[in-house]
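What follows is subunit A paired twice: with subunit B in the first complex and subunit C in the second.
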Partner chain A sequence: MHERNTISGAGWIGILALAVVLLAVPHLVSFSQQELLVFLTINVLLVVSYRLLTLTGEWSLAHVVMMGVGAYGSALYSKLFGFPVPLAMLAGAVTAGLIATVLSFPLFRMKGFYFLIGSFAAGEVIRLIWKRFTDPFGGPKGIQRIPGFPEIDLGFLRVDFYQPENYYYFVLAVVLVSLWVLYRIERSRIGLTFHAIHWQDKLSESVGIDTFGHRMLAFVVASFFAGVAGALYAHYLSTVNPNQFNVDTMVYVLIWTIVGGTSRWYGPILGVIALTIIDEVILRGIGADQWRPLLYGAILICAILFLPNGLESLVIRAGEALRGRSASAVTGAAGAEQE
Partner chain B sequence: MSDFLLQTAFNASYAASYMALIAVGLVLIFGVMGVINFAHGELYMAGAYAVVFFYAGLGLPFIVAVAIGLVFVGCLGMLMELALFRPLRTNPLGGLIASIGFLLMLQTVAVLGFGLRNQNVPPVSQGRITVGGAFLTYERLYVILATVGLLLALWLFLRKSKFGWALRACAQDREAASLQGISINQTARYAMFIGAGLAGVAGALTAPLVAPTPYMGHTVIVTAFIIIIVGGIGSLEGAVLAAIIYAFVHTFVTTFFDGVIANIVGLLLMLAVLVVKPQGLFGVRERA
Partner chain C sequence: MTSASKISLNRRTLLCGAASAALMPVVGFPRASFAQEDVVKIGFLAPLTGPVAAWGKPGLDGCKIWADWMNEAGGIEIGGKPHRIEFASYDDEDDAGKARAGATQLIRESDVKFIMMLGGNSWPGVEEIAARQGMLVSTLLPSDLTPNTETLIAPCEVHPIYNVTGVDWLAANRPELKTAVICAQDDALGKPSVATYLAAFEAAGIEVLGDPLFFDPATTDFAPVMTQLLAKNPDILCLDTCYADYVHPLCEQAFQQGYKGQIISCTLDFYQRIVERTSKEFMEGVIFQFPDFDDKALNDPRINFRKPNDFYAEYVKRYGATEWSAVSWEYSSIMDLWADAAQRAGSVEPADVLKAMKEGGKGKHAFGEARWWGKDLFGLDNALVGDWPVVVIRDGKATIAEFRSIPDWWDKHGPLLIKHMTDLGQMWSQRT
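Right, the complex of A and B next:
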């Protein structure tokens, strides 16, 4: 795995093209698609943070509930305690991280399937607490009328974040910063240790790596960013309820991640974007919303049977094929980045 | 008060029965295939819809509809084995994930075929047994009797028949069993038929009592997971005992507090077992 620390000329062109697409895309789609774009951007953060957790080899079923902790936390801090919304969002995400810290102690005594089921149980207990205790969580109806993100008024410039277009830019900025942080973590010594624990946890332990501590760290960081995603979500929808964070939503996160692939940072992003486009174009296009779970189920089965390394493996193979024709090596790298 | 306790005990016995059928099927599949079948709740749902279609819809006798449910869901299980679990045999997590895909597909088929609403299944019998102030309807009694009969038959089959030996051999050590000339594919196929069929029977028998919906498998699979974890993931006897314990705890907590608290208690029970004794309360080191 060789690493290029400098970005080539073609790489810059790719990044520039991507930036233009990201900035222009809300102007190219309908109003309802702008709303979808906001959710898609939030979901990108959700799946990329999920992938960080899977780096250590553990698959959690509590990730969406952690997103919910961020959403509920942020909603309550701003509504009940009158925190300014940006501060409430941060506090919500920190709460998700703290809850993850506490849950680490029972959960990381388990591995593999036991961790999967244990994390599900822990998440479900949290969700049922929201559902059962009307004060302060609002019971099954959840919390309504969550304050929105405050508008910015500079006299000459007024930005109203109730507009999906404006909120999209805000979400995009937050998500890009988060992705950069997550990327740096993976490329750091800590991230390499996550990989080591995944493949050789006994060996890692025997050379003095604190496997529990690193698993916990991955879980806490992933939950923090899931909490950020939840906070972004809550103040946009202005309502949260326990059903938004149930295991159905978690299944979709799993499908996005698995269909995209988890060995590269962009794998889950490919998955969530590809499936959202399929969803929007095919299902809403022909008005077959009821068929959604069938389609997702079929895609998931096909992916696990025929493309076990996800969509990213296609990109990797395409990149290698292009690089093979050595003359076009540079364009190959650029092509892989644009994907 | 004693009537009240007796009534709650009756309710718990009924819940324990059908949950035991479901959990034993799940454990059997795990034992032989090494796969946790997330679609097990939807197999239960498919069994209930077989009764909706053949008994409530076409007017066939209830017992015939239940038998059709068993065979139909058993065949669904064999289909899963053939299409999903066999190609993914080297990848247990893959089998689990594929079963999630299958679950979504079964749910959608039920929604498209029957709609989202609760299905109304006419009662099989209006009769009831009265003991003091407590009563047990015949419908619930049938579920309890059928469970006892089926589990007894399964136990005899696994212990006495040659095929049962083969099945248990596969559960203990697949390679060794294969070296002894036991066909892994055939054993897996039968295990899936029995495991899925038990879930189907549970769904078919309880259909008149629960008003089936396409999403009824949801609560059932969570309960089944709690039971197999508490009972020890590879142990059939453990699953039965855990089903009884869980059903009594859940029914009593529901009666004295409410359903959501009972669910929380159940999940915490599972977490406690996972933390303290991951092999389960009745777990044995070797599987099934």
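Right, the complex of A and C next:
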């Protein structure tokens, strides 16, 4: 099938509108919501990278730990070895990719439910290593006073990345580039092969596709970008500890992904944005701090009952409705002309 | 005009109405307000949900009583003018990221003059913003203190150092007990507490059998943990500073596995539930460190906490006796200290209050006169330390057995505590 690569006029308007929103949003929200915006943008990268792995049909419980590998790696490279922070971030993400490469060998001997459990065990081993070895990982208290992203001082312009609005723009740039790379991977031959492995792995093998290699590739690339997310997180918050990357956090990633939907690249993004706004802005805003877990749970149940295909199904339905309306308008206009 | 009978409620109207109602407080209701200069806002940044909520929420409940009483009495007089106290709370879920967002909201949006935190996991997220804004912050966990945290104080609970008083009292009153085992969750709260108990047992001549047992915080089945501990046949079972979610099943397991010896623990939150699930006989003599405030011993003139018995009665009336926990009174006692310092300073500005608070190197701690201390252990003297109660369960009820002096113990055994803290990597200079 020939893939359409051109963007329509309406598409360009949509992209422009989105760009304006993304650039303007820090100036439209409160100070504390600016902080949330930074974490939300990082979490967008986390869930989209997770989706890349799920394309091969495997659901991992180690993805948040891979984020932690990036965070710990970047923190240690900058703090212990004196790497400049941008280089430490990259090195942290590469470390996450390398750890994923090593883990691939035992983990991809398993599939489905067994892979899920295996990935959980592998993640716990890494997390317990952080806890057990106070030197260099800081034990249960983790690593503190991690250097922040360096200031930019051009005399006439000073950018302090401790300020959330400045760090947001930096994170946004990194995340947009990462999303573009992940999107291109999915739309490439490799991405199609991931889909093929998901739906017909035996058939794929029979036509010469290296299923192990492709699964490993998806795991490594997803872990690399999770590592990027972790590095962005660590240098903003100045602290990492093993509890931040435990299974509870992983459950949130799963919820965001499932509620958003996984059949489109934007599904998990919708999930993480909608649920974060509900939990952190609306429920806190109405003063329901202590009721948040209960209300959040109720909203999740409703989402699963009424939107079993995720929030993305709303976008798909809206798109179909719009196309249907414009098609009927065209048909109607043509009919009128004939008369 | 539309008559009431003609109004129909379809699903769309209902959903729109519900969404609007939900969003109204976010968008903003018109609110009745007092003159800004007469209201002082205090931030409460602690876990209100999740596994550590037991050390946050009861404290906020106590603060509500404190504020109601204070405001009913006309507020705090600062600079010759009465001021109302309002609390602004934020649930940090014991997470540094949430704590950072919360601190930003409290400082930059709510304009609070002082923030009370549980500390621990959440403090690193707040450290830089507090330093940049010069915000006075209190923690219940002095292990957050370092030489750089000049605006962070531990004015109530010098956790875990006060645990030495329980062991000291036990050694003096039950000298026949010679061996102990220790277990704790493997986290930032468990480890310094284990170091303290190791030092206290060593100072008291009590042998600790084997290494302390650190279990993962994700543990839900405590039967194997208890089996392993009881296999050493100890005289004393030490539950360290375990969260309530661990202390309860650990006690139940000890009961079910037939343990008959002495139990000592830092906290015993909601102990009535443990008594119900085990027995009064089993719990008789259990030692911990946090009294119920209906205890008559708290009416002693040296106690600085205002009307402790009335406070407990009001707390029980509002929230129920089983909701009382170790922290129910602690944040309120910090507020007593803050209010006293603000009155003396004639200002609510954080730097002025801190200066007044530390004037003369002494302060009015809830349990009596205390001194600002901590340089040897935390790198600066920002912990207020004095006497601390030893609490014993008698006939199913927590009772203060005695107040013991932490500084006296420290003067005799300080190097021992530093040795065990160093062995477990808990000295401020060892924290990465």
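Basically, the second predicted complex is superposed on the first by the 306 of 339 C-alpha atoms of A that agree within 3 Å, B and C clash if a C-alpha of one lies under 4 Å from a C-alpha of the other, contacts with A are read in each partner's own complex, and residues count from 1 in each chain.
The definition used in the following text is that contacts are C-beta pairs under 8 Å (C-beta built on N, C-alpha and C of every residue); 3 or more make two chains touch, one makes a residue touch a chain.
Since the structure is predicted, the reported quantities are computational estimates derived from the model, not experimental observations.
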Partner chain(s) touched by A:Pro84 [first = subunit B, second = subunit C, both, neither]: neither
Which superposed partner A:Ser238 touches (first subunit B, second subunit C, both, neither): second
Which superposed partner A:Ala122 touches (first subunit B, second subunit C, both, neither): first
Subunit B versus subunit C as contact partner of A:Gly324, first or second or both or neither: neither
First (subunit B), second (subunit C), both or neither touched by A:Pro150: neither
Touched partner set for A:Ile258, first subunit B, second subunit C, both or neither: first
Which superposed partner A:Pro136 touches (first subunit B, second subunit C, both, neither): second
Which superposed partner A:Gly213 touches (first subunit B, second subunit C, both, neither): neither
First (subunit B), second (subunit C), both or neither touched by A:Gly297: first
Residues of subunit A contacting subunit B in one complex and subunit C in the other: 128, 131, 247, 290, 292-293
Of all residues in subunit A, those that touch subunit B in their complex: 59, 106, 109-110, 113-114, 117-118, 120-122, 124-125, 128-129, 131-132, 247, 251, 254-255, 258, 290-294, 296-301, 304-305, 308
Subunit A-facing residues of subunit B, complex: 36, 84, 87-88, 91-94, 96-98, 100-105, 107-109, 111-112, 218, 222, 225-226, 229, 258, 260-261, 263-264, 267-268, 270-271, 274-275, 278
Complex interface listing, subunit A residues touching subunit C: 30-32, 34-36, 39, 79, 128, 131, 134-145, 162, 164, 233, 237-239, 241, 243-244, 246-247, 280-282, 284-287, 289-290, 292-293
Complex interface listing, subunit C residues touching subunit A: 22-23, 25-26, 48-50, 57, 89-91, 94-97, 100-102, 104-105, 108-109, 121, 124-125, 127-128, 132, 186-188, 190-191, 216-218, 425, 430-432
